[in-house]
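Chain IDs A, B, C and D follow the sequence of writing; residue 1 opens each chain.
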């Protein structure tokens, strides 16, 4: 029997809607000592590029209030080492394995995907076209719908595997980019990547991360993420994977209500590697309490006829 | 002798860099019982339109974590009542009085400003072209640099008073809009207006504000605001008034370091109407401690050669 | 007139599970307040919670005022952690209180759960002036009564509990309507003023059951999410007739409105 | 091997103004740890603070480990509010500890302020095994000593205080270099291993004054803002030689690095 938490994202099914977000779960193998990956619907690897990237100079992280600003700059081992050293461990992991790909130019996305096609145990790709921390490519791809569409289309031609395009929130409107990714052939969309943010040390008058601005994540961006997911949901018909500041089961429910078919958990994993297991349990409990048969019933179920009001029973 | 907190924003001088933000200080007269307006460098009124606006249906506010989402929809009394009832009280207020103007079409901005020209005691205008909570106009003006430039230019022709254009953060890049406002003849720029955000009540599956999405303000948006102010500062040469989540004197200093010549305090005033007086005192104390002669020395003083590092004395 | 005043807590008590009563000395606010007004409370000198919390002024005795609240979220939870001797930052008194017509001979006061405190304030205010007031309280059960067991008001209030639990079982609107019927027979209904404070459900029920035209006055106190508390942010709008737009502000036009002027959310 | 383990606090004490020592039972981590490793601490079951806080493992005695920290911000402040019997959530032991060469005959350990705890762990580890170790501690003054007055280590450490205050006055690098000179005369320098943990200023000073080539081993433990603590987020990079890129990760490549492989921020 299928679990109540089972979700289908187009052609790919997941045993739980909780997916570990790119950059927050390494290459998928580091956390297995401390948290069983089977509790995850799946994970998305750190974004992989054609060659090894050294990333940005330190400091790369700064905690601000409830949130985090990072400027890792996509430091990663490159596709070659990934295919040789990491991917062979994937078939043993009982969860969905999505490889994130990030490059400077379109051709490189094609090359990296072509190289990844050689590896077994990969369930799909997430095209990171939304990183705010690199000078070339990165978020600029996702800020231009025409580029988004072409990039997805090109990768689509290279693989039969499932493709998800990861969108930036750093645009006036996410709808055109979402539609473009769908038109290009994406099986699903994920959003949001981090929000451009900045922190300053007033004492030294220096930026708190080396690249001056970076990507803001964690609970403070949740309201922004919910708005973007809702806007994307209303623009496309492919499934959406929502993320941004998720720490609790009710956050997950909220993202699903506004249109996410599944979610990713990012920054919160650093503090609580076992969070997915906890969320699964709590979600099942919620479904029981509310008498909901499948989590998927929630997707896009936002009632817009009127708003929740103070003191009005819900 | 001029106070150490004195700042010039182009042709207009302020006795303190702390200005009350539009929508958070009413029409400038409501708070005077509980907090002396003389502690403010100035205030910006609630945005005024050509006719009375009823605003959006309730609920209009929802607190989320450290932040607030609002969807007031620019409810205001309209320019006629403002000129007749409110403006006559302005000459008695010993602070800078900036009137915010928000309309649906360009012609109305011209009309409202023309009407305001009749009133005495107004030191300048803030053109709100960045409200996320109205269907027509609003933030769409600020998302389109050509429109921004024409709008500012038209208003510029109608008045000799000081003009500040208020920009939206809900764009891929604030620089083009900032340049456009400068080219149109703005004396200063203010940013950021609120960030599009959303909150959901998982129990009722309803949005927490009637318009579904609203404007996110308060401490969580500070990192976003700092990044936008820094980007605008690097794009234009007119003075910038920074805002977004300011609650402490060091927040003020941080905004100035990244390029703000003055700041606005918004949401925090609801909790602490007397905050400006406190900030002034603390800023003076900071200047003394650091041996800084004028606050204006801070403006844009960010050192970008390297970042502040953990454990490195600043 | 409204002021910012630091209230020193003189007594704080959990009177029922999750329901607190607090007395604070706040001479200025006490001297200005009338029944139906509220204070906007800053619990701690920090911006988490970001906003103040609106609470009705319960009883006022000389320099002291009472606040009674249920813990529903972080703000009310933190407030319950304070102790005698601690300070709270009060902005008040805010809003317009209840209208007390000189020619009214009967006063019906209906508190719904945590809507009771301002009714108690009004009840004391009226009875101290020799006016004839009947105080109703509707709750789900004993644990919802926002009065401590030794509170003298407890014996004076007509308590109706949905779960019974030793009280009249049912909805508070039932005895209210019985009394109204009785007053109607005595033809004193037109000299009767009715006041209520409670959840939207109660307000809706009153709208449906009260004979609108016959009473001298029908007023209710409303709640809405607030920003400033003083008419500045336009955040606390409710749908209600009587102003230049379809909306009125709970903090400054209210919190007291004519019962029949307000639109209950989701009722249509 | 690293584990997530709930540590039960057995003792917690403010040993100097703003400096705390805590002992917690954490059998698994204790059985796995070596000097130089650290734990990533979640102080409370909430996401404020958002991230864990990295703290060096101080002493390990049977099932218990010691953490010593200075209150610098919200995280370390909250940690100091815990009491005996409270639980903390530990991820560890993390990182690579110090290298202890079999052929070393002399061990010089230099703690700078709150860099002392791992030096104490290493010192105990070495002396318990009969190795000859000298422990230095550099502080500004007495209030900065991260050891309580009744700590047996206090009398064994050579303390140097910038303000004097009854200790040798000056910088800790001075007696270190005196000892190195002495060892050089005895030509035992090449059998000497030097370890340090402290602020970047100390690391810079050591780089400038230590005769790089002559020692058997020179290792320092670094600090950097951390996300995951286990090599996943790439957030804790420092400029250091020895890896495939100009950067190395404090949490997983370190926190222990060769003194001369690291680039002190802002030194250039």
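Simple rule for what comes next: contacts are C-beta pairs under 8 Å (C-beta built on N, C-alpha and C of every residue); 3 or more make two chains touch, one makes a residue touch a chain.
Model, not experiment: these values are computed from the prediction.
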Across the interfaces A-C and B-C, which one involves more C-beta pairs in contact? B-C
Please determine the option from A-C, B-D or B-C whose contacts repeat those of A-D, over half of the contact pairs being identical by residue number. B-C
Whole-Å gap between the CA centroids of chain A and chain C: 47
Would you mind pulling out the distance in Å between where the CA atoms of chain C average out and where those of chain D do? 59
Where the CA atoms of chain B average out and where those of chain C average out, how many Å apart are those spots? 36
Rounded Å distance between chain A and chain B, as computed from the means of their C-alpha atoms: 33
Residues of chain B that touch two or more other chains: which are they? 57-59, 66-67, 219, 306, 309-310
Give me the residues of chain C that touch two or more other chains. 224-225, 265
The answer for chain B against chain A in the complex is residues 57-59, 64-67, 69, 143, 170-172, 195-210, 212-213, 216, 219-224, 226-227, 230-231, 250, 253-254, 257-258, 298, 301-304, 306-310, 314
Contacts from chain D onto chain A in the complex sit at residues 1-4, 42, 47-52, 91, 224-239, 244-247, 265
Which residues, counting only chain B, touch chain C once they are in their complex? 23-26, 30-31, 33-35, 46, 52, 54-55, 57-63, 66-68, 70, 72, 75-76, 218-219, 247, 267-274
Counting only contacts in the complex, chain C reaches chain A at residues 199-201, 223-225, 265-266
Listed in rising order, the residues of chain B that touch chain D in the complex are 306, 309-313
